[in-house]
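Before any comments, here is the structure.
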Amino acid sequence: MPADDSVSFSSVTVTLAGFPALLNLSFEVEAGETVYLRGPNGAGKTTLLRTLAGLEKPTRGSAMVLGVELPGGERSLRALAGMMGTRSHLYEDLTVAENLDLARRLLGISSSRIDDAAELFGVRGRLWKQKVASLSAGQKRRVALAGLVAKNPRIWLLDEPHSSLDAAGRDLLDKLIVEATKRGAIAFVATHEAEAGRAGGRVLEMVGGTVRAEAREASPGDEGPASEVPE
Amino acid sequence: MPADDSVSFSSVTVTLAGFPALLNLSFEVEAGETVYLRGPNGAGKTTLLRTLAGLEKPTRGSAMVLGVELPGGERSLRALAGMMGTRSHLYEDLTVAENLDLARRLLGISSSRIDDAAELFGVRGRLWKQKVASLSAGQKRRVALAGLVAKNPRIWLLDEPHSSLDAAGRDLLDKLIVEATKRGAIAFVATHEAEAGRAGGRVLEMVGGTVRAEAREASPGDEGPASEVPE
Amino acid sequence: MIRRAWAVARKDMLIEVHSKVALNQVIPFALAVLLTFGFALDTRNQLLAEIAPGLFWVVVLFSSLYLISRSFRVERENAAMEGLVLYGIDPMAVFFGKLAALALQMFVLEAVAAAGIVILFNPPVGSLGLLAISAVAATLAIGSIGLVYGALSSSEQSGESLLPLLVIPVLAPIVISAAKCWSDAESAGAGIYDPWLKIVAIFSAVFLAVGAAAFGPAMED
Amino acid sequence: MIRRAWAVARKDMLIEVHSKVALNQVIPFALAVLLTFGFALDTRNQLLAEIAPGLFWVVVLFSSLYLISRSFRVERENAAMEGLVLYGIDPMAVFFGKLAALALQMFVLEAVAAAGIVILFNPPVGSLGLLAISAVAATLAIGSIGLVYGALSSSEQSGESLLPLLVIPVLAPIVISAAKCWSDAESAGAGIYDPWLKIVAIFSAVFLAVGAAAFGPAMED
Amino acid sequence: MTTTLVRKAVGVTSLALVAATVVMGLFVTPPDVVQGNLARLLYVHPPVAWVAYLAYGVTSIASGLYLWRPTRSLKWDRIAVASAEVGVVFTGLTLVTGSIWGRPAWGVWWTWDARLTTTAILFVLYLGYLALRRIPLSPETRAKRSAVAALIAFIDVPIVHESVVWWRTLHQGATVATLGANTKVHGIMAWTLLLGFIAFTMVYIWMAMVRYRVETMSAEIEAHQLEAWEAERMAEADTSDAAIGRLLDPGTRAPDEVPTDQGVAPR
């Protein structure tokens, strides 16, 4: 696999049950960029993220993501991507500890790494031995994020990442994105928040399954102390 | 049952699977008020909303909601409350039209009312005959909100109402809350957005299952053109 | 009440119309089970005709369990049942609405399974009236009890496979009595004054009443 | 591969340890079915002993269907299977991991059901070795095919009750052969060179291979 | 255009051949020594059964070609369904003609014979295949999953065929394959049987072609729909807020059904 770190879509169409959720979408993103996806409900943001994760296949057009060609290379792309959608991917019947332990085993990483991630998101305390089923919405989200951070993906795909998170959690996540992109990762963040992208990063305004406008282009967020990061 | 329009909790405790999700919670709210619930993940916001909807029972303490005594009057409270939680209450296998038609039949309201509500949230067009399963997150949310508006509840219980909604949807919902409270309804809005309550309404800061502080008190939002409403 | 029950029944039937789970999945399943049984127990034909009525009801019971599970699965996703509750709906309306939709599906299932049994196992059929009445009564009983236990065991997690365990022992007597009804119906002399039919009818009435009464507490936890 | 398969197996076993669905729901269900059958087919004891092997496998098959459904239900909530896929995991690892956990539960189920059958129906048991080997082979076959079809029919909506319809006809021959193995095992003379065992073993090998090959395409979209 | 012509030609030919088979079977061939006129089902029942095998064979090959990457195309998937659906019809016909034959020949409509049971299982297997196709999935996913299911289901076909050998059955053994050595089926009968076989094969081809046409047409409709949606996807409109007042007026609340709720009805 070439050590290519960029993403480029050329007239990609993705149909879901016959509906063109993405339509002739083209754009390019360089390593280290943060891209905010904005646009009305049904614009195709989630579908774009899922395509970037290798969970949906382009039906027309082609894309190159981190040196992986789409359609075709979905499986290898999945291993590189870190996706945080509306669904948490957690097993409700397992405890927080067991869910993260599963992630550790599947990723083949050390358990101190998992502990650190859990600590960071504040799920090491009382919640550690609780079943996920008994957590609040934001707590579940935090567990999922801990898994994501432990994976340390090369491309972050975040679908409305702030939803359910409290103020501290939002700040933390924003800081993590800044750090990760500083280290060369790419981040795609689908969000409806008006502030997104104000402090840096690119904004792609999507509508009708494609990019209508590249609204603003600000300095790529590499000055980034946490407080200046978009909230 | 007295035609009382206020809400008052006196040292209410709600335990979920043995855990005190609400603990000794007391507060009072008058007709026409909008209350923003804020606080860290796990503070008990969702549990409070569910208790107000008659979906959870106080295990200790008692409450009076719109003249209904809790514990005890859950069933009649439910008919008055409009709850919008993280789960949409929609049938995935039915179309948008069929879901809203069910609401119409259960509420015993006219179908023009349902049509208006659907129109308002922009789900009358292509989506009308689509199965809910094929909608985007925000589109589902809009369908659920259409049902809620059609019900025109006396107490609005909104759990992170902005999540998944696009800018237009958020504005619309905010406007609806202002209008509803102007007409005497009460609104509880659990949210993590920093701006919540800035333009009016009360803010209850929750933590550990109870109200830590009544952070700010602004003029109850009855001046309310949409643009001044918190976004 | 009736209006709302109808709304619930209508909704469940619409879901079936869209998803065709009963038609394309459960009914063929019943046929598959009949075949497997016949083949697995391949003893003399005489014996098969003898156990045919029992087999019929066992197959109907098992297939119905899938229909009942399905009936609650659609309520569970997106917490739709909670949505119903939030209309302040009388649980009785939900119960009778769901029962109507379920019973309708079960009748179709029974008709197909009965045809299969008659063709495959060749039991004599004497009094069709007795058969039909006992089937209606047993269906209502199975439906009522199934719905109550379905509501009891429908939790977010791990409830689904509890349903058969709860339901089968309770419904065993009625299934056995209904099978006896059929056995009796085989002799042409049998009529609707059959003693087993009386048992089925009594159980059915009791279960229906119990169901209507217990569904509320089961549903609204 | 093996490490990841073990992680998957471990997870499924932990889920069972927490939720005890197999232990508290499916196994008692199997016993309830055995009892109901014994009761419903209450003919002569001789007959019951004769059909006991067939009954055993039918009950095991049905109970296993619940275990398999369960195995996929836990993957469906919160789209957990999608989570596994996002680790770039080899589907084979998921297949063998889930198969290991499933087979373990099935062995316990079979032990209990066999004990129940022997106590309730009193069939003679001659060659325990033949019994055990055939049971292991049949278990692997049922598990493999069940997992493949579980993956094939797993959709967000309306797939769940399709599993039994798909699985039963495919597994019918193996269940029948396994039952014949038991029937043969009843005569003390039988050994592991039983012709039916050969069939079970062949089917088992074929289904295991088919399962391992087909699970990938079935699981990943 | 030409495909339409071919389809029509095949349709006409198959009808003519079936008519010829009927004439031959009913009027030209002699009644059987043992079974009398009953034996005339010989010209229908085995051909129908074989055509079912053929249909499932085609389904399996098409499924295999879909699964094999170099030849992956939704065309194969459409051929697979078309053929499987016709196969189910023919399996049904096998069961029906067999039952009709069995009634006088064996005295029962059905018996737990291995051939019969495995045939019935075959029927259910492909019903399952068709049911699997109905769960809502994207066309590619559905094609992939159903192809896997079709290949597994085909395992039953050799079992059905060999069942007469593996089990001691009531059903006829391989009579026709050993035709040369068989004196029971003589000249004209053999030719009629061959004719029946060709006729029903043609019927199969015709039905599968029609069914395939339906599949391609619905694919075309979907493509059209896609175009329409693509056009629609270019424009998105906003909604007015005129309705808010009407919707939120306290007087418009749902009438309450619960009788105890008198006090909370709209004031």
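Going in written order, the chains are labelled A, B, C, D and E, and every chain counts its residues from 1.
We take it that contacts are C-beta pairs under 8 Å (C-beta built on N, C-alpha and C of every residue); 3 or more make two chains touch, one makes a residue touch a chain.
Not measured: the values here are computed from a predicted model.
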> Hey, how far apart are chain D and chain E in touch steps, shortest way?
Replying inline: 1
> Smallest number of touch links from chain C to reach chain E?
Replying inline: 1
> Would the interface of chain A with chain B count as same or different, where same needs over half of all numbers used to appear in both copies?
Replying inline: same
> For the chain pairs B-E and B-C, which is connected through the larger number of C-beta pairs in contact?
Replying inline: B-E
> Looking at CA centres, what chain is most distant from chain D?
Replying inline: B
> Distance from the CA centroid of chain A to that of chain B, rounded to the nearest Å?
Replying inline: 29
>> Can you compute the centre-to-centre distance for chain B and chain E, using the mean CA position of each chain? Integer Å is fine.
In response: 51
> What is the distance in Å between the mean C-alpha positions of chain A and chain E?
Replying inline: 45
>> Can you work out the whole-Å distance between the CA centroids of chain B and chain D?
In response: 47
>> Where in chain E do residues touch two or more of the other chains?
In response: 121, 124, 127-128, 131, 136, 138, 140, 229, 256-258, 261
> Which residue numbers or ranges of chain D touch two or more of the other chains?
Replying inline: 19, 77, 157-158, 162, 165, 168-169, 172, 221
>> Using the touch definition from the top, which residues of chain A touch two or more other chains?
In response: 16-17, 19, 40, 57, 92-93
>> Help me check something: in the complex, which residues belonging to chain D touch chain A?
In response: 3-4, 6-7, 10-11, 14-15, 18-19, 74, 77-80, 82-89, 220-221
>> Touching residues of chain A toward chain B in the complex: what are they?
In response: 16-17, 19, 39-43, 46, 86, 134-139, 141-142, 159-160, 162-170, 192, 194, 231
> Hey, which residues of chain C end up touching chain E in the complex?
Replying inline: 1, 4, 20, 24-25, 28, 31-32, 35-36, 38-39, 42, 45, 48, 88, 90, 119-122
> chain D touches which residues of chain E in the complex?
Replying inline: 67, 121-122, 124-125, 127-128, 131-132, 135-138, 140-141, 144-145, 147-149, 151-153, 155-156, 159
>> Please output the residues of chain E touching chain B within their complex, sorted ascending.
In response: 136, 229, 232, 237-239, 241, 243-250, 252-258, 260-264, 267
